[in-house]
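I'd like to ask you about the structure that follows.
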Amino acid sequence: MSAAIGDGSHPREQRAASLLEAIGLGRRFRGLAAVDNVSIDIGVGEIHAVIGTNGAGKSTLINMLSGELVPSAGTVRFAGHDVTRWPQPRRARAGLGRSYQRTTIFGEFSVLENCRLAAQASEPRPWFVWERAARDWRGVAIATRALAAAGLADDAGRVASTLSHGAKRQLEIAMCLATAPRALLLDEPLAGMGAEETGRMLALLSELKKTHAILLVEHDMDAVFRVADRITVMVNGQVIASDVPERIRIDPAVRLAYLGNGH
Amino acid sequence: MASDGTGDEGIVASGVDGVRAEVGTLPDIGRREAGGWLVPAAAALAVAALPLVLSPYGQDVVVRIAIYAIFALSLELLVGATGLVSLGHAAFLGIGAYVAVLASGDSGASLALLVAMAMAAAAAYALVVGTLSLRTRGVYFIMVTLAFAQMAYFVVHDTKAAGGSDGIFLYVKPTLAIGATTLLDLGQRASFYYTVLAALVATYAFIALLLGSRFGHALAGIRVNEQRMRAAGFSTTPYKLAAFTVAGALAGLAGLLLAVKDGAVNPELLSWHESGAVLLMLIFGGIGSLRGAVLGAVAFTLLKELFQSEALLGPLASHWQLTLGLTIIAFVAALPRGLIGLGARVRGLTSNRAARPAPGGST
Amino acid sequence: MDTATFLVQCLNAVQYGLLLFLVASGLTLIFGIMGVINLAHGSFYMLGAYLAFALAPWFGDWFVTRLVVGVALAALFGYVLEWIFFSFLYERDHLQQVLLTYALILVFEEVRSLAFGNDVHGVTAPGWLTGGFRLGGLMEYPWYRVFASVACLVVALALYAVVNRTRLGMMIRAGASNRDMVRGLGVDIRRLYRIVFAGGVALAALAGMIAAPLSSVYPGMGSSVLIICFVVVVIGGIGSITGALIASLLVGFVDTFGKVFFAEWSGVGVYVLMAIVLVWRPEGLMKRGF
């Protein structure tokens, strides 16, 4: 591993095969380049964190990866397919899951139903209207497993809106897991969490990375440096550095643009 | 209970009974209404018994209410279950009615044929309107659905084929026959009464079934958080379009029955006053509840009868639009959750309480 | 169709389109800034027409004065209406807004019925605008229609000037793209809403006053204009004045020439146009913005 600092060029053979790849992604909004020539990739067995100041383009990037925003330039590849023009539901069904910065759970439903409904997406059976959703044993089983993995097994019967903030973020992850993704795009999963909840979430992520490829957008620097295998730093829509945490920590360009003093 | 998990046998089998016991008490969508099936069933029986005590005029009112209840239920599927506010639903009512009359011609037609044609025509228009309207959201959607209903209004109002502004008469009411034997003649008051009641029960049961299915749960998910549904892998537009089309077809059924009841159709059936009225029924009864839709139809129809009744209100009756308008404003402002919401408040229940209390604290 | 007839129809189309623009601009502003869907907007158009009828005996041939007085009254009415009714609608969901404004239509219709009855009334054009000018051979194009188009054009330009060149206009444009931000900047948002609403009412009423001699004054005139305005807003994009102008003219042409070529089916033409726009550009011709 003798890559030069800041250009992210690890010899490919020495990394897990990349599952999700973005090449030269760009997005303009009426003349303003929110994202400019960003290339990034993630593979199973690693957590790749993306950090940057506000307005750096992280949300736009994640939206282009998930399929919610069509790029102005560049391509996105997932599991060998060119998915640049695929809408989000199609990417989700292919195994690309996503969690949101603002909690997007179904507050009215029970915790279990939240996950069961997510699981239904992979076997929707919409025409079989005589089959009760409540008897969807497959969905319930998948949901139960997902909740257990996210640490919410005891709360299955609760109405989702009554969960604590941290638990709702866990539910967000559980719903992702219920769709049996291979890659996860996590947008600030730690937002608003206290120390204990953060620890639990990081432990969960470390466990998940063994079987999934994870892209993590986060502001919590401590957490990022604890758990990430690679870090990409974005400023003003461009990548200024992409490397292992130790080298990012001492990279002068990164310190200048973003980290300031400390770290 | 046989296991029907596919491919997940190992996981399903372990602890499956524990899981299923939980599902038995699962407040999945969170809407457990008081009394379950008993209340609607009892109500249906009560209505079935009403001809014993009601005058023919009274029975007419009941039939009218029942037809509008079907109309309201069909819209409930769109507004309450899927969260799509349509201001053009009367178009499907009107199309069903017009097709029924046109297909009856001079010598009447089979009820089965008319039901099929009315519902198919309404569904076809719903499919077209839905495909175009669902390209928009929110307020745009409301305006576009209104516009397409207005388009249908103009077609029947302006073209000679549809009878113009006077409408068309239904000369012979439909019958249901096998061979030479007439099983049902809708020209008979009793037959018609029970046919409409049966149609209402069937519509109610069908929509209830739909809402409890995976399709129905997906609609609920789309209503609560469409973004999350898409992120999970649901292509949401086909679901919405299906709901729109089914709602249109059921409105067509109501239209057919209305045409048979009145013996005539006119373009005002497709007017936006009609579309507004059915939305009002939903909000009077309470959005998100099938019982509410029926209750709303009852409340709105009776209220309109009341306000237009000279016997009860004297000279005020001719200004019923004023009293109705003010009542609507007062009602919507004070009771946004409708009569069902009032009932829930009185019972001290909110509509989505978990069946079991949460053990311990959250993690 | 000979040239003269064609020209007349074009002029009619432009005149109808510009009149529509006045009403639609009010609607799109109110929706764009306040986020309220207002079914009663057509009633303001009707209000204008009935005002023209009611004020006629007092002002005779002083037509422009009558217009100014009518517009002032309408603006005042709009200001008060926003204060006592519409300000309570902003927090409510679209369904409730629809139903509450629908109820308002019922109330207005009844008040109109009580005040003016249900007959169709005529309003005569002022003496100095009667007659017309010759357009090739036998056609005579009425001066009043020319006046109507010019008046609407003047208002459209004034609207453009206000929206793009004044501080008020700046706040309106800002409010259209980001309501919360404008509030955060310390603008008295309630007064802004009240002014915008009064302006919208005034525009619609002015259109009604101008239209009164052309289309007579009758019950239900509000509803027909309203739905066409909805179509205009869908085609042009919510919140966009430019979009409303382009869309109004488009609708004017489709409707006018539709009547000429398709007689029975002319009422449908506008909706077919809307359907085409939906297929091609569902967010409206101008999307968001001015």
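Letters are used for the chains, namely A, B and C, taken in the order the chains are written, and counting of residues starts over at 1 for each.
The definition used in the following text is that a contact is a pair of C-beta atoms (placed from the backbone, for glycine too) under 8 Å apart; a residue touches a chain by one contact, two chains touch by 3 or more.
Fair warning: this is a prediction, and the values are worked out from it, not measured in the lab.
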item: Chain contact topology (line, ring, star, complete or other); value: line
item: Chain whose averaged C-alpha position falls nearest the assembly-wide average; value: B
item: Inter-centroid spacing, chain B versus chain A (mean Cα positions, whole Å); value: 41
item: Between chain C and chain A, distance of the C-alpha-averaged centres to the nearest whole Å; value: 49
item: Separation of mean Cα positions, chain C and chain B [Å, integer]; value: 34
item: Overlap residues in chain B, where contacts from two or more other chains coincide; value: none
item: Residue ranges of chain B in contact with chain C within the complex; value: 79, 85, 87, 132-133, 135-136, 138-140, 142-144, 146-148, 150-151, 154-155, 157-160, 272, 276, 279-280, 283, 287, 319, 321-322, 324-326, 328-329, 332-333, 336
item: Residues of chain C defined as touching chain B within the complex; value: 31, 37, 88, 92, 94-96, 98-100, 102-107, 109-111, 113-114, 223, 227, 230-231, 233-234, 238, 264-268, 271-272, 274-275, 278-279, 282-284
item: For the chain B and chain A complex, residues of the former touching the latter; value: 3-6, 8, 11-12, 16, 19-20, 22-23, 25-30, 209-210, 212-218, 220-221, 224-225, 227-236, 239, 242, 352-356, 358-360, 362-363
item: In the complex with chain B, residue positions of chain A that touch it; value: 66, 87-90, 92-93, 97-98, 100, 104-110, 112-113, 116-118, 120-122, 124-138, 140-142, 144-145, 151-152, 154-159, 162-164, 166-167, 170, 175, 178-179, 200
